[in-house]
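Think of it as A, B, C and D in the order they're written, each chain with its own count starting at 1.
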């Protein structure tokens, strides 16, 4: 018989480690037509970092994502970057690009101020224009300004910057300190059916509410959450590298290492929790890793809710769940007085 | 060496290869069609999926000799110069691919599904994608993309049959 | 892969001639889903691959006086889509659908699945529960044996090295015999059977009791096996949930599973009991629906 | 001419013929294929917005992904390129007594063979440089590489691997992390202790916290070793040119660090090394460091030709980093109302054969282990130990999924024992803006309660009586 259960799990996860140097550098060049080229040493590994970093540069310059080209991942041409790890790209590399874009924009403002007859501090970049704050009708296109900067004044609008989250060493005795710049938070709730004759667990749906500060690109945030959940489902129920007594790997293939297929994944509803971190680019933190954190816990709690057994070692294979169910039944029988 | 002649994406191609050459290797190395990917080489991951005579197959599990004289469609054969295939468009618009490595295989599996069933439900879609392992997306947006592509294709086929009728009745 | 020669057989005669010539030095290529994986990891390849995938005579699904014939090269997908099979033996289609994924079902063949003779094969149990016969051809002629006789040991069949499996026949007497297939894998998609089970039986409509019950089990012995004691228990019994559950428990005692990294023997026995019961229930439900459908 | 020579010549002829014929096909396809480059405009709405942040912009690389035109490493090839394969030890703990590569080198088409002794600095690693490019002479897990081959085809490279003879003296192996912590355990990196990093977080007075608690809950949780399973295997191409400049195309998410590692292992100035990261087909932490790249570089140097290496799916499991199994002991004191007053945690991480990112994982797991809760009295201690298994390293979450499983499982056990709704007990204990973390950090932009409520709303979570 199938028994239904629900389980909840929340978590915290750090963004921007500070125990070691964690720097990113970036260069933003505004081209003569007002489009921009970004140089970053990070690598696109599927997360969508190029898109998000392009959006950050575009926002800073008041242009569109499509106006930005991101050049990445070449040690000959791109600045150093600590890399595509630890959910740091949006936060750390994003900040570096933001600062670099601001530096390039400052050059544009220097050029534009006399064109518009105002002070630099009165300018803003919006809608592909440099305009006077509160008087947007007084404006000049970014392309025109960039062209003038580079071709007439000989001051190309190129900005370079680096950013490193402020570092506070931890006390080695007590571990007290500020090991991370900021944290994100999330909750996932899972609903499962447990077959009490076979121990099979079917994850029916997961509601996931994740904080990432400002969501630079909500579609990509959702994608991260959905993908993280699939890893969590595998961790909860199926995946395990097994070794024989001699330390040789038993299941080094995708036939016997059981990762979720499309038939094994639940319906997923993703909510992005409104958040804003003043230390991140436009309030953004990060989202890559945390998505995989609470899933297994939520599923195991749902199993507990469904059939009253606490599986304490992962993965909760059907055999393990059934063994626990049988042990529970045996214990209940014993408790009935003769 | 064996000689094979196959029709790939509408073009007749020939090669002379060792008998142990797989279809995947033939496509990638002899025909420079690198869209199909080698992910596991034993038919588990589906990254090498192509369509042979209308059926989605793991090209790593077929010998070149087996496809001699047959018709092969790869990811390179879906789009035309003018437009993306609606499946490709839907995958792009919904953000259904992240790292993209499983994409060509998943899209070809979807194409084969539509060739059989133009109005698949979610269960059909999950079944059709179950041979394409993906580690990035949890398949969620991929399933949305397939649903979206199915809608587009159905409405296109309705429109085109409507157009044909008009032509027939015109004097 | 190691180097090997390749020849494509044009028809059964050609294939049999080639087999006669090369025998154990050759490997037959039907769908290739198992063979290519084997070849990729083999220390030594075969001398030659005889590709029989174009032998059209072995791709038919047809009804004759003997019964339903399914050619050895019929793919799992063709079994799923066949109206004849869907009508007569939906359990066969269920079993075919449980194999791999679309890409492998499109390539993999019924004959290939049987001939690999792995205990966890999904085609075997249902066919065995339906008393299927296998047909083969060699230079010395045609022969036909019960499917159970084909399976000798893991990865070993009773076929000689020059013998070609040509297909299976389900006897006419069993047409539309209620049957069901159940499988338990470690996940839903692309699952290998941890245990699978098939049940088939006629129903005495007056007594609502089991007639000629058959139970076949996979992945719990060196080959696919029948569960004769469970069958004997069921014969003539009134069809109740308790009887079906008891048949499952008896079948579990007939299984001889091993413990490996996928599951323990004890767990597999538990699954035999559950899957046997569920196969019986499912076949019975299927039969009842059929009766209901036929009532105008 | 003796018979052996005849055979050799025939094989060489066959090979030459094979190469010639495949070359013919490569250069002169029967029909020049049509290359689809759709001119259809992108779905640009979101990408055209000048308020870019917050837009559901389609991915900049999405179009090429869907067309199958994204070039991953295995899609690249260069004239004269060779294929490399690495021979894996297949034994968990051993000393290499002898490697004989002569038979492999004699195979026509094998251009170079490399062993560990030829690597200028045969060690690397992001924290400790404890990992060899190719084991020499100690093998510490079955996936260790012992020799590398470059050949004109992958098939020939594989054949060569089979012809390399390695003689091992088996050494005692330790596979269980708890056993590995004992003094008398075999040492994976003798003579050093197997415990290679520790971490502690202490806050408040744990004994006082337990003394004040109404109930104390204790449990042990454990997790498994997990592989990243990026769909694209680890792949790289090395090209050491005549100017002595090395270019590497690699599936590495941290090219800055990779260049430093390459410079160190090869004793090359950094200015001579260029690392190009292509679009990577999945990372999840598994592609954060170099692996085969120094071997490919040296094979390229030996042969003067570009050398490509792509891991098999088997190597992805046995020869790359994985997620740490952790044994987690939790002791938690709570008031009858459900407030957590004290939590003591002990974590033992199975660190596998090499450190990789274990020290980072250890730190994150330890710091995060109490959960997102206001707890005044905390002690968390964590150890990571060597075992003779595949190395563990960075993987999405760096230890957080493991400890979350433990602290959230125990949270539900506490809720059940006290008769409190699981959502309520979390809301009762969760961090607020300005809460102090277990390391004493004052937290800002804290929205854990918001996430709890939002998920509960979406799910339709109703308290049960």
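Following the convention adopted for this analysis, a residue touches a chain if its C-beta (ideal position, glycine included) is under 8 Å from a C-beta of that chain, and two chains touch if they have at least 3 such contacts.
Computed from a predicted model, the values in this text were never measured in an experiment.
J.: Among all other chains, pick the one whose mean CA position is farthest from the mean CA position of subunit C.
T.: The chain farthest from subunit C, judged by C-alpha centres, is A.
J.: Max contacts between which two chains?
T.: A-D
J.: If you average the CA atoms of subunit A and of subunit D, how many Å lie between those two points?
T.: Averaging C-alpha atoms per chain gives centres 18 Å apart.
J.: Can you check how far apart subunit B and subunit C are, centre to centre, with Cα atoms defining each centre and the answer in Å?
T.: 30
J.: How big is the gap, in whole Å, between where the Cα atoms of subunit C centre and where those of subunit D centre?
T.: Distance between chain centres, rounded to whole Å: 41 Å.
J.: Which subunit C residues reach two or more other chains?
T.: Residues 1, 3, 101, 188-190 of subunit C each touch two or more of the other chains.
J.: Could you list which residues of subunit D touch at least two other chains?
T.: Within subunit D, the residues that touch at least two other chains are 42, 56, 58-59, 61, 155, 229, 279-284, 313.
J.: Do you know which subunit B residues sit against two or more other chains?
T.: Those would be 18, 20, 40-42, 44-45, 95, 98-101, 126-127, 130-136.
J.: In the complex, go through subunit C and note every residue touching subunit B.
T.: 1-6, 8, 29, 32-33, 36-37, 39-40, 45, 49, 51, 53, 77, 100-104, 106-107, 188-190
J.: Show me the residue ranges of subunit B that touch subunit D in the complex, using the header's touch definition.
T.: 1, 8-18, 20, 28-42, 44-45, 47, 74-84, 87-89, 91-93, 95, 97-104, 107, 133-136
J.: Going by the contact rule set out above, which residues of subunit D touch subunit A in the complex?
T.: It comes out as residues 42, 44, 46-61, 90-93, 141-143, 173, 175, 199-203, 219-227, 229, 252-257, 259, 273-285, 287-288, 313-314, 316-318, 322-323, 360, 363-364, 366-368, 371-372, 380, 388-390, 394, 396-398, 400-401, 404-405, 407-409, 412-413, 422-423, 426, 430-431, 437-441, 443-448, 450-452, 454-456, 458-459, 461.
J.: Which of the residues in subunit B end up touching subunit A in this complex?
T.: 40, 42, 44-45, 94-95, 98-101, 125-127, 129-143
J.: Which residues of subunit D touch subunit B once you look at their complex with the stated criterion?
T.: 17-18, 21-22, 24-26, 29-31, 33-40, 42-43, 56, 58-59, 61-72, 74-75, 155, 228-233, 279-284, 310, 312-313
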